[in-house]
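Structures for review follow.
Presented sequentially are two complexes of chain A, the first with chain B as partner and the second with chain C.
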Partner chain A sequence: MPRITRRDRSDAPSSPAATPGISRRAVLGLAGAGAATAGLGVAGGFAAARAGADAAGPAGPARSYAFAGEHQAGIVTPAQDRLHFASWDLTTTSREEVVALLRRWTAAAARMTQGLPAGEFGPDSGPYDAPPDDTGEAANLDASGLTLTFGFGRSLFVGADGADRFGLAGRLPAALADLPHFPGDVLEPGRTGGDLAVQACADDPQVAVHAIRNLSRLAFGTASVRWSQLGYGRTSSTSTAQRTPRNLFGFKDGTANLKLEEPELVDDHVWVAADDDADEGTDSRWMAGGSYLVSRRIRMTIETWDRSSLREQEAIVGRTKGDGAPLSGGTEFTEPDLAATGRGDVPLIATDSHVRLAHPTSNAGARMLRRGYNYTDGSDGLGRLDAGLFFLAYVRDPRTQYTPMQTVLARDDAMSEYLRHTGSGLWAVPPGVASGATMGTADGAYIGQGLFT
Partner chain B sequence: MPAPRTRAVVAATALLATLVACTPNDTSTPDGTSGAATLTVDSSADACVLSGDTAPSGNVVFEVTNSGDEVTEFYLLAEDGLQILSEVENIGPGITRDLVLVARPGSYQTACKPGMVGEGIRADFTVTDSGAQVGPTGAVADQLEVATTNYVAYVKDQTEQLLTATEAFAASYTAGDDDAARAAYAPTRVHWERIEPVAESFGDLDPRMDLREADVEAGAEWTGWHLLEKDLWAPVAADNGGAEYVPLTPEQRSTYAAQLVADTQELYDRVHSDEFTLTADQIGNGAKSLLDEVATGKVTGEEEAWSHTDLWDFQANVDGAKVGYAGLRDVVAAKDADLAATLDERFEQVQALLDAQRVGDGFALYTDLTEDEIKALAASVDALGEPLSRLTSAVVL
Partner chain C sequence: MPRITRRDRSDAPSSPAATPGISRRAVLGLAGAGAATAGLGVAGGFAAARAGADAAGPAGPARSYAFAGEHQAGIVTPAQDRLHFASWDLTTTSREEVVALLRRWTAAAARMTQGLPAGEFGPDSGPYDAPPDDTGEAANLDASGLTLTFGFGRSLFVGADGADRFGLAGRLPAALADLPHFPGDVLEPGRTGGDLAVQACADDPQVAVHAIRNLSRLAFGTASVRWSQLGYGRTSSTSTAQRTPRNLFGFKDGTANLKLEEPELVDDHVWVAADDDADEGTDSRWMAGGSYLVSRRIRMTIETWDRSSLREQEAIVGRTKGDGAPLSGGTEFTEPDLAATGRGDVPLIATDSHVRLAHPTSNAGARMLRRGYNYTDGSDGLGRLDAGLFFLAYVRDPRTQYTPMQTVLARDDAMSEYLRHTGSGLWAVPPGVASGATMGTADGAYIGQGLFT
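Take a look at the complex of A and B:
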C-alpha cells in the first residue's frame, strides 16, 4: 500500500477542490455504467493522494481511499474508527456463482468506497417498480474513509469432510491451516468461521453498516451471513500519525504495532510473496501480494478487571495506565527493557505481563499488523457488559506469527484471566485488483480472480 | 536500608498501621471533598526535590516522578529516619507514580533512593495538625498479626481436610464405586475452593489440579478434578462436541486419581512448610479474588460443566472470602466503619440467596436454577465484590 500510494500520488490531480466533492448524490446524474466507471478512475487516483495526506495529518470526514491497487485497501490504511465485519457461508455449489458473486461484490465495493451508491441507479432512481439498487441510508454521506477488504476461509477450499467444494482444494494455501485450540477458547460456532469475510472500516458507522448490508443483499441466493460484528474505537494505530487508542481495559493498545511508514517491515511481516508456499506442495501463488487475517472475538471480563488494583492492572499490562510507558521507564514509545530489574532483582516488567509475552523478542521476532476494534454488544443476561476486543491482525503466515504467540499468551499471560475468546476466523486475503483494471463487467477484474483462473 | 526486603515490608505494614492510619471515607473537610494534599517529588540522579516540606494531616499524595536514568524509590520515614512509614518502589526512569497515605501530625523524613542503593537523599518533612480525624492508634498492628496468623492456620486446616477427603474420593473412584465418588466430589472440592487463591499462587499445581477442559492447550494432557468430573458425569455426544464420550479405563482412572492425591499432598506440604507466610494485603487480595472466581466461573455455571455442582464452589469461595475478611474486620471497622458495615451487609445478602438454594447437606444443581435466580446471585456477587475490592487498600494503606 505505501508504495502504491506514493506512485499514485504523483499521478493524481492536484486540485484540492475535487477532493471532497464526490458525494453519492452528485454522481447519480452520471448513472450510466461507463460514466460511473470513468468517475471512479478519477476518484480512485485522487483518493490515493488523500490517503497519503491523511497519514500525515488529521483525517477529514470526506476522505476516500483507492479501491484498486497491488494490495487490498484496509490493511495498512490508517485505521478508521468504526468496523462492521461479516462472514458468509456459501449456499451454492456452483463455482460460476461464486465467481459471479465476487464480481458483483467487487463492482459494488469499488463504488461504495468512493462514496457512490452500491448500484448505478442509487437509492432513489431506476425502474419505479423495482427496489432501488442501493438501500439508501448512506445517501448524502461521503465515503468516510470506507475500505472493504475481502477474505476467503479454509472452508471455501475444502469442506469439513475434506470435499473439494469448488475445485479449489489444490490451491489451498498451506498457511491457511486451522488454528489450534488455545487455552481459554470458548468459541461459539455462531461467531466462528465462514467461507467468505468482509472487513468494512469507515469513520462513520452508518457507512460501514451500509456497505455490509448492501454486499449481503448482493449475496442472497449465493451466500448467507454466518455472523457479523460491529466495532468502534480502533484499538491500534497503523500509522505513526495516529495517536495510540485505548482498549476497554483503559490501557493504550497497539503501541508496538507495525506501521504503514515501515514498508520494509510490512513487506517482511504482512505481504505474502509468490514463493512463500513453494516448498509446501500447494499452488498458492495467487496469494502473492495478499495477506492472512486472524479475527478473534475476545470478551473481556470487564467487571472483575475494574475491581483489580491499579498495581495489578499495570503489572498485568507491563505499562503505565496513564502514559502507556513501559514499567522499565521512559515514555510511550520507549522500547521496553525486559532485562531491567528493581528491588530484589525482580523484573520491572513482570515475567507474566502482556507486554513481555507479546513482545517480538519473546516470539522469535514475529510481528503482526493489528487493527482491532473495541466492541460492546450490550449486556449479557447477568447484567454484565458483553464487551471486549475484536482482534484483527494481518500476517504473512499465521503458523509462525500468530499461533506461537497466542499459545504463549493463552497459557502464561496474566491478562488471560480477564479474557475469553468467543469467536475466531482465519482468512486468506487475496491481493488487490490492479489499478486501472475494468470492473463490474462480465469479463472485468474482481477480487480473488487469481484463485479462480 | 538496614533490613532485607521481606522484613522491611512487614515492618512497614505494621508501623504504618500504628503511626499512619487510613480513613478513605474521611469527610472532615468542610466541603466534603477528599481534601488530599498533593506534593510533587522530583527524584533525579542526585537530587530529591519536593514541592513543599509540610502538609496538613489527613490524606497526602506524593506524586513521585523519576527524572533520573536509574530505577528509584521514595520513602516516608519516621523522625528517627529508621522506621519506614510508607514507600513506593520500582519507579522506572521517566515514570510518575503516586504514594497515597493518611498522615498524622508530626515530624518525618522523606527519602529518594536513585538506583535503590544507599541511604537515599533525605530531607525533613512536617505534617501539621489539620484537625482531620486520621483513625485510631494502638492495637492495629497486633490485630493484623493475629489476622495473618489465624488465616495461615485456616489454610493449613483446609489442606488437611482436603487431603483426607481427596484420598477417600480417589479410593472410591479408582474402585469403580461411581455413586460414592459422585457423592464425595463436591463436598471434597469445597476445601480446595475455600483457599483457591493460595493454591493458585503455586503456579504449577493449579493447572494440574483444577484445569477445565476449555483451558487445556492443544496437545497438552488434561489432568485433575475436572477430568474425573467429566468421567463421573459422562456427557452425551451432543454435549461433547458431537463426539461419543469415551470413559476412562480402570488403569487411567487409577493413574489420574493417584496423581490428584499426590498433587494434593504436594499442596499440603508447601502450605505446611516454614516458608509459607501470608501478609495482610495477600489476605485482602485473596478475599477479593475469591469473589472474582465466583463472578467469572461459578455464577455462570462454567466451573462444574458436567456435575453442575457450582453452588458448592460458590459457597466455598464465599466462605474463604469471609474468613479472610473476618480476620481483618476489626482493622477495617476502626479505619473505615462504613466499608465494614457495607461488607457485613453484603456478605449476609449473598448468604441469604445461597441458603435459599440449600438441598439437604448441599445445594441445588446449577442447571435447576431459574434465570432470575442466577441473575439475583450474580447481582449479589457484584454487590459484594465491589466494596471487597477496597478491602486491601483500606487495611494496608
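Take a look at the complex of A and C:
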C-alpha cells in the first residue's frame, strides 16, 4: 500500500482535524526541550516552569529531561513519582533486527522524553490508512519528567542453553553474573529476567504507561513483553532536598541512600569505569559510563505487619516510625550509633534490625543508589493485598554492592519474616547516547551502540 | 494486655517522637477540613489552596472533601486522578459484626478524607505495645482530595444459596438484580462480585492505597479482600471545566458523559428517590439519596488496536482521534449528527460505531454518570500488556440505564472486537452519612445505617 503523507478524508466535511492535531502537546514538548538540561542534572537540573494557565492540566511541573548525555537519564535524575518497568524477550534470532529495534527505541525515546509523540506524525496526522505512529493516550499531557532507561539482561549475551545468541558472548561483563538464590526467594518466572528492560519514570502514570506501550508497539515482531510492573510513591529519595518517602511498612525509606549531592560517591559507587573488567578476561569497555541495575519485586506481608506492635515494628526497622530517627537517638539524618546501648546493655539498635544489617559499616562500605517504588497489584485471592516494594538499585558492581548485603539481610534481618522476593532482574545499563539530530537513524547514535560495534 | 495511652520507651534516649508525630499531616488535614465543602460540591466546590511552600511535597492542590452529606462523596465529586477500588467478602455470620464494621469504617473514613490518620493515635503515637491504629505510609501526605464511597453487593442481602444471611433479604432493592451475561463477558470470579465495595479516589495513589489498606485492616476477622483494582488517568470527565481525558485506545473518553453542570439531569439519572421501588414489593426506601454503581473491568486488546489504521480506529469510535469531534463534523462538544451522510449516502458516523450505539437517542434517552479509570496490570504472560478501562458508572437504575445499552454494545459495537470484560460488580451505594462528632461511634450515624434500622 502506498503511504501518503497527508490524510485522505474528503468524505468527512468540516473536520477540525484536517490540520495536524495534538498541537498543544507538541508546543509544550518543544518548550520543554528548549529548557531541558543534559540529563546529568542534579537538583535544579530541570525546567521548573509549570504548565501555564490550564488549571485542568496535569499536576506538577512540566519538566523534561534530555534523552542524550554521557550517562542515561533516570539514574541520578531526581526520582519522579511514578514507574512503569517492563522486560522483553527477543523473538528474533537476527543481530541486525536487534540493532534496528534499538535504533527505533532510541528515536522514539528521544521524542517521548521531550513530550512529543513516539513518531513524527503522532496519533492523528499520519497516513489515514496506516496505523498511527503514536497510540495517543498521552496526546494532551506534557513530558511529565519522563525518563527512559534501557538495560540488557544476561540472556541477551548467553542463552539458557549457553548459546551465543547474537555474537555478544565475548562482550558479557563479568559483573552481569546471575544473582545467587537467596533465602526467602520465591521468584516467579513471569516476573523474573528477560533480554531487554526499560525503566520508565514520570510524574504522570499515563505518560509512563504510554512510553512503555509505544516501545512495545515498536518491538512487534522482534521482542515481546515478558513482564511489566507499575509503581507509585517513590521510596528512595535521591536528594536531601527531596523529602524521604515512605514504604508500605509506613516507614521512611531511603534515608541512608546515596544522595545526588555526593557526586564523588556517585562516581565511585554507580558509574562503571572503562577498566573495571580489565582483569576479568572479557571486553566490556562498552559499559564505561553505564551502571548495573538490580530490580527486585519484594512482596510485603502487610496484613501480618499491621498486627505487630509499634515497638516490634520500630525494633525491626531500627528507626522511629514517625520521624525516621535511628533508635540510638537524634533526627532522621543523624548517623545511627550502632554501639549505643540502653538498659541492661541491650543495643538500642537491635542486632537483627534492618538499619544495622543494611548499614555500609556492616557491608564493607558498600553503597547503592536506590530508586524503588511501592506497588499494589490487587489481591492474592487469599484475602490479602498483593503489595510491596519494587526495589531498584544502581551499582557499579552488584557482586560487591548487592549480593553480599542481600545474603546477610535474607538470612539475618528480622524484617525478612515480612518479605517475599517474587521477581528479580539484573541489567547492564549502558552509557548514554551522544546527542544529535540523527539519533536513532541509520547514521546516528543509538542506545547500546558500543556493545554492537 | 492493659492499653496505655502514652508510649513507654524510657530505654530510648532523646527520642524526637515522644510527642505525637505526624503533626504536619494533622495540621494540613485540619486546614483542609476547615475549607471543605459538604461533598455536594460541583465545580469549584473544593479547597483550591495549594500545599504551601514545600516544593518537595505531593503535586496538586491540597484539597479535601467532607465525608458527611446528603449523598456520598466520590459520585458527583470532580474526578480525582487515581483510583483504588476494593471488594470484600464478609467472613462473619453476625449482623452485629457487620454493623460494627460499618461503624469503624465510617469513623476511619471521616478522618482519612480530612488527611488525618485512620485512628486517633496515628501511626506513631499510640500504645507502644499495640499495633498502630494507622499504617503510616500516608503520614506526610495531605488529603489529596480523597473520597471513599461505599457500596453493597447483592450477596450481602441474599447468599449464593438463597440464604437471608443477615436478615436483609426484605430490604433488597429491585434494581440490585444480577446483571445478565453479555456477549464478550469472560468474567473471572476473582475480579467479580463481593459483599462490600469501596471506591477510593485521590490525586495521590499512595493516599488511595493507604485508605483501602486501613479499611481492610479494620475489617480483619469480619471481612477479607476479594479483589482490588488500581486505576489512573481518569477517563470520564465529570465537568466541562475538566479537560476530557483519554482512554488507552488513545481517544478522548467521556465527552458525552453526564456533566455536573447539569444538576437536573444528575437528579433524574443518578440519585435514587424514596419511591423508586414503590411498585416492586420491597422496602428499599433506605436507598433514597443513594445510587447504583456498575463496575466493569474491561481489558482492551491494545496490541491489536495499535495495528489497525487511523481510518478504522476513527470509524469504530465515530470521532476523530485528535480532537474527539464527531465524524459528522464540528468540535469535541458538537452534538453528533447521526443522520449525516457522505459520499454514496454512507453514514458519516457508522451504524456500528461506538458513539452511535452508546448515544442516548439509541438508548431511549438513558444517561449515566461515568467515572472510570485506565488500568495497566503488568502483562498477561503471552507477550501482551494487561491494560484497559476500569469502567465505573453511577445510575439511578441499572436495569434501564446500563443493561439495555451494554446488551446492544456487546452485540453490535465494532469496538467490542477489541474488548473483553474480565470483571464485574453491581453495588447499591447508600446515601451519605449525617454529619456530627459522633459519626461512627455507638451513638452516631454510620454508612448504610438506613439499611440496618
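Criterion: the second predicted complex is superposed on the first by the 391 of 453 C-alpha atoms of A that agree within 3 Å, B and C clash if a C-alpha of one lies under 4 Å from a C-alpha of the other, contacts with A are read in each partner's own complex, and residues count from 1 in each chain.
In the analysis below, a residue touches a chain if its C-beta (ideal position, glycine included) is under 8 Å from a C-beta of that chain, and two chains touch if they have at least 3 such contacts.
None of the values given here were measured: they were computed from a predicted structure.
Colleague: Return first, second, both or neither, reflecting whether A:S216 touches chain B, chain C, both chains, or no partner chain.
Modeller: second
Colleague: Taking the superposition as given, does A:S379 touch the first partner, chain B, the second, chain C, both, or neither?
Modeller: A:S379 sits against chain C, while chain B stays out of touch.
Colleague: Looking at chain A, does chain B or chain C touch a larger number of its residues?
Modeller: After superposing on chain A, more of chain A is contacted by C.
Colleague: Given the touch rule stated above, what does A:D124 touch, chain B (first), chain C (second), both, or neither?
Modeller: After superposition on chain A, A:D124 lies in contact with chain C alone.
Colleague: With the two structures laid over each other on chain A, which partner does A:G184 touch: chain B (first), chain C (second), both, or neither?
Modeller: first
Colleague: After superposition on the shared chain, which partner residues are touched by A:T301: those of chain B (first), chain C (second), both, or neither?
Modeller: first
Colleague: Could you tell me if A:R411 is touching chain B, chain C, both of them or neither one (first, second, both, neither)?
Modeller: first
Colleague: Report for A:E280: first if it touches chain B alone, second if chain C alone, otherwise both or neither.
Modeller: Once the two structures are laid over each other on A, A:E280 reaches no partner at all.
Colleague: After lining up the shared chain so the two structures overlap, which partner does A:R246 touch, if you call chain B first and chain C second: first, second, both or neither?
Modeller: Second partner only, chain C.
Colleague: Per the definitions at the top, what is the overlap between the chain A residues touching chain B and those touching chain C?
Modeller: Common to the two interfaces on chain A: residues 303, 307-309, 320, 322-323, 325, 327, 329-331, 342-343, 346, 348, 381, 383-384.
Colleague: For the complex, which residues does chain A have touching chain B?
Modeller: 180-186, 301, 303-304, 307-309, 312, 320, 322-323, 325-331, 334, 340-344, 346, 348, 381-384, 407, 410-411
Colleague: Can you name the residues of chain B that touch chain A in the complex?
Modeller: Against chain A, chain B makes touches at 5, 66, 69, 71, 73, 89-90, 92-97, 116, 214-219, 285, 288, 292, 295-296, 299-300, 302, 371, 374-375, 378-379, 382, 385-386, 388-389, 392-393.
Colleague: Contact residues on chain C for chain A in the complex?
Modeller: Contact set of chain C toward chain A: 7, 9-17, 21-22, 54, 56-61, 81-82, 84, 86, 89, 123-132, 134-140, 190, 203-206, 209, 212-213, 216-217, 220, 224-230, 232-233, 241-243, 246-251, 302-303, 306-311, 313, 320-323, 325, 327, 329-331, 342-343, 346, 348, 374, 376-379, 381, 383-385, 387.
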